[in-house]
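In what follows, chain A forms one complex with chain B and a second complex with chain C.
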Partner chain A sequence: MSEQTNHLFEFLLRQGDNALVLGHRTSQWCGVGPALEEDIALANTALDLIGQTQLWLGYAAEVEGNNRSANDLAFLRDAYDFRNILMMEVPNEDFGRTLMRQFMFDTYQVPWLTELQNSSNERVAAIAAKSVKEARYHLERSRETVIALGDGTEESNSRMQNALDYLWPYCGEIFGADEVDHAMSEQGVAPVPSTLKGTWRACVERALSEAFLVIPNSEFAHSGGRTGFRHTEHLGHMLATMQTLQRSYPGAEW
Partner chain B sequence: MVSIQSITTEQVWNWLEAVPDPEIPVISIVDLGIIRAVDVDKDLIKVTITPTYSGCPAMSVIAMDIETELFKQGVSNLELETKIAPAWTTDWLSEKGKDRLEEYGIAPPQKAGEPQRCPNCKSVKVEKVSQFGSTPCKAQWRCQDCLEPFDYFKCI
Partner chain C sequence: MYAQMVKSTGKGVQALEDMSPQDRAFQERIDRGEKIEPKDWMPDAYRKNLIRQIGQHAHSEIVGQLPEGNWITRAPTLERKANLLAKVQDEAGHGLYLYCAAETLGVSRDELFEMLHCGKMKYSSIFNYPTLTWADMGAVGWLVDGAAIMNQVPLQRTSYGPYARAMVRICKEESFHQRQGYHIMIKMAKEGTADQKRMAQDAFNRFWYPALMMFGPSDKDSVHSAQSMAWKIKMNTNDELRQKFVDETVPQAKFLSLTVPDERLMFNEETGHYDYSEPDWNEFMDVISGNGPCNTDRLEARKKAWREGSWVREGMMAHADKKAQCKIAAE
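Moving on to the complex of A and B:
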């Protein structure tokens, strides 16, 4: 792979793996949601994310040109080959943390995918145009729910505050600006994610203040997911379940 | 059986009109607006489809139903292409499709983002139950007059 192709491949993996890992985590609620409507909403959100994964990883596989498919990338790579941000892989814990994470991600995805619609790469622009509609819909719900739970009972407020305290140090990784990001920006494929931090932060602050939640006073950020340098221990456990069928019966088809 | 030479684009569109949406069988896949193009080139029939939601599980069933219907009509050389741009929008639902949805009990999509009225008693006093429903394309609403819950076809 040339360096240019490699950068695009890495970029596509980051998009696809964020959608895949969050999609899988979200699907873990299927059948155990706190209410029927929420169960259905979580399953549908997961479905959208897995659909977006197929588009991103399908294109990544083509760019790689190594005869792999989206399925191969999803089910036959090990944890160190994943390029999702760490926030996507931490366990769901409870409904509050699940929705807080969804909100943090959606608040970024909407402006990010909106920008990607103008990508110089037609395929990236098309996938973004398709996905941004779903992301906007997800944001409507995750934002409403975070506010409702924050501005709810003492119990729901404290759970949401715990979720925010836990997830906050994982938010910084979204706004990378490494070699891959700069290469994508130079080729007009995507803006450097760090340029969207102000927009993201303003939206997050508005919603959290309505939710009576306090943003932790720390800029410390975990990293290592989007570069593949170091994932948390949780990703391996998640993949062990997610990939078990393809690992046990290689090449099995639906 | 028709001889392949005589197949016209119009005929293929008519055949596709007979293929119901697998999840909402009162409307056809043509009414749903997911058939973007039909091209007939000698003996090759090319149908271009666009997915409603990127993860919609009905898409593979739809592809299979198209194949089954066209093979039944004597088409032997069929190519199905999936195209994601421009992205599908509920604007592409036909007027006939929207009427059928309402008759079936599903409130058709509205630009305002919420159902205009209860598909059951036509009351405009409706409230949202959940932003998501039984399939990716629907949300759950309830009528405050007849108290019936109903599906609303989300506007995207």
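Moving on to the complex of A and C:
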């Protein structure tokens, strides 16, 4: 693979793996949501993310040119080949953390996918155009929920604050600016993610202040997911579950 | 319908001439095929029976999310994962319409949940069986949704309007689910590897009799059917539906090269139906009375979800109240 192709492949894995891993985590709520309406809404979000995964990883597999499919990439890679940010893989814990994570991600995805619609790469632009509509709806919902639960009761406020405190150090990884990011920017495929930090921060601050939640006073950011250098311990367990059939019965079709 | 063993509150069916004028007028409306709507007068026993039946059906939908939900995180491909998730989501949707239909009879969703959680209301015994391999997603879709459709299609004509209308939509989705389940079975039992074929046969062996039990006890032992049939809450007898299910399913199993786990199964030229072995009704009674393989876990999973979700529901309500107060203050 040429360096240029490799950068594009890495970029596509980052998009696809974020959707795949978050979609998987969200799907874990099916059947046990706090109310039927929430159960249904979470399943919708998960379904959108699985659909986006198919598009991003499908294209990644084509770019790689190794005769692999989106399913091969999802079910037959090991943890160190995953390129999602760490925040996507940490466990759901409770509804509060699940929705706070969704909100943090959606607040980035909307401007990010909006930009990607102008990508010099037509396929990227097309996937972004489809996904951004879903992301806008996700953001509307996750933002409203975060505000409602931050404002709601003492308990819901404290749970949302705990979720925010836990997730905050994982947010910084979204705004990378490494070799792949710069290569994508130079080719006009995508902006460097770090350039969106200001927009993201302003939106997050506005919502969290309406939610009576306090942003932790720390700029520390975990990293290692989007490069694959060091994932959390949680990803291995998630993949052990997710990949069990493909790993146990090589070559079988389902 | 997932409502076997709905206990009727009636004391047997009264003849029209023995009824009070009000009861008689009501029965005549039903006999003419008119729909009963929420604001219409209805006998208390009719209302109570319907609440039990719709409530049990609704509970079955949401408890029924659990055995299939068990495989969402292990679905073998992205397509299968999306299909299964969408299916289980549909079940939640069915639960929602049915709770809404029950609410038109004057019982709230929270009250119904409460009755489920304390064991006062039941859900279909089929969901007390475990799902052990991916082939179970095929078997459940094909057999369990198949049996449910057999029960539910006639309920589109049931006498209570909101229930009948909910069933129209539910039936459309269920038949899609059944096809999806059958497709999983085709991939595994017909086109699959030796391991997949074994999984498919194993799943079929485990779900065949529980699926037959879904129609409820044999007519001769079913004491509650007559009044429900007179009220057109129930449209066919248990045995009629079970026979129809067997007649349709056996050729499908043959197509899949699966063996029906019943040595006595044989086509009867005289009746034009398959003769088959009755399920073990002692097992059925055990499962109904709480001793099925998963009863405790299923109910606990529902109670846990409800308990752990309480802060969310309370938080949302508190926020909505505050917003409403702000609005009033602003006006």
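Everything below uses one rule, namely that the second predicted complex is superposed on the first by the 254 of 254 C-alpha atoms of A that agree within 3 Å, B and C clash if a C-alpha of one lies under 4 Å from a C-alpha of the other, contacts with A are read in each partner's own complex, and residues count from 1 in each chain.
What we mean here is this: a residue touches a chain if its C-beta (ideal position, glycine included) is under 8 Å from a C-beta of that chain, and two chains touch if they have at least 3 such contacts.
This structure is a prediction, so every number in the text was calculated from the model and none was measured.
*Asks:* Identify the partner contact of A:169: answer first if only chain B is touched, second if only chain C is, both if each is, neither if none is.
*Replies:* neither
*Asks:* Applying the document's definition of touch, where does A:228 land relative to chain B and chain C: first, second, both, or neither?
*Replies:* neither
*Asks:* Considering only the touch criterion stated at the top, classify A:191 as touching first (chain B), second (chain C), both, or neither.
*Replies:* neither
*Asks:* Under the stated touch criterion, which partner chain does A:141 make contact with: chain B (first), chain C (second), both, or neither?
*Replies:* In the superposed model, A:141 contacts chain B only, not chain C.
*Asks:* Thinking of the overlay built on chain A, is A:52 touched by chain B (first), by chain C (second), by both, or by neither?
*Replies:* first
*Asks:* Determine, under the contact definition given at the top, whether A:129 touches first (chain B), second (chain C), both, or neither.
*Replies:* first
*Asks:* Figure out whether A:236 sits in contact with chain B (first) or chain C (second), or with both, or with neither.
*Replies:* A:236 contacts neither chain B nor chain C.
*Asks:* Determine, under the contact definition given at the top, whether A:40 touches first (chain B), second (chain C), both, or neither.
*Replies:* Touch partners of A:40: chain B and chain C.
*Asks:* Of chain B and chain C, which one touches more residues of chain A?
*Replies:* Partner touching more chain A residues in the overlay: C.
*Asks:* Overlap the chain B and chain C contact sets on chain A and report the shared residues.
*Replies:* Residues 37-38, 40, 44, 47, 50-51, 54, which sit in both footprints.
*Asks:* What does chain A use to touch chain C in their complex?
*Replies:* 24, 27-28, 30-40, 43-44, 46-47, 50-51, 53-54, 57, 70-71, 74-75, 94-96, 147-149, 151-153, 155-157, 159, 241-242, 244-246, 249, 251-254
*Asks:* Under the definition above, what is the set of chain B residues touching chain A in their complex?
*Replies:* 51, 53-57, 84-87, 89, 129-134, 136, 140, 154, 156
*Asks:* Using the touch definition from the top, list the residues of chain A that touch chain B in their complex.
*Replies:* 37-38, 40-41, 44-45, 47-52, 54-55, 122, 125-127, 129-131, 133-134, 137, 140-141
*Asks:* What part of chain C is in contact with chain A in the complex they form?
*Replies:* 62, 65-66, 69, 72-82, 85-86, 88-89, 92-93, 95-96, 99, 109, 134, 184, 187-188, 191-193, 195-196, 301, 304-305, 308-320, 322
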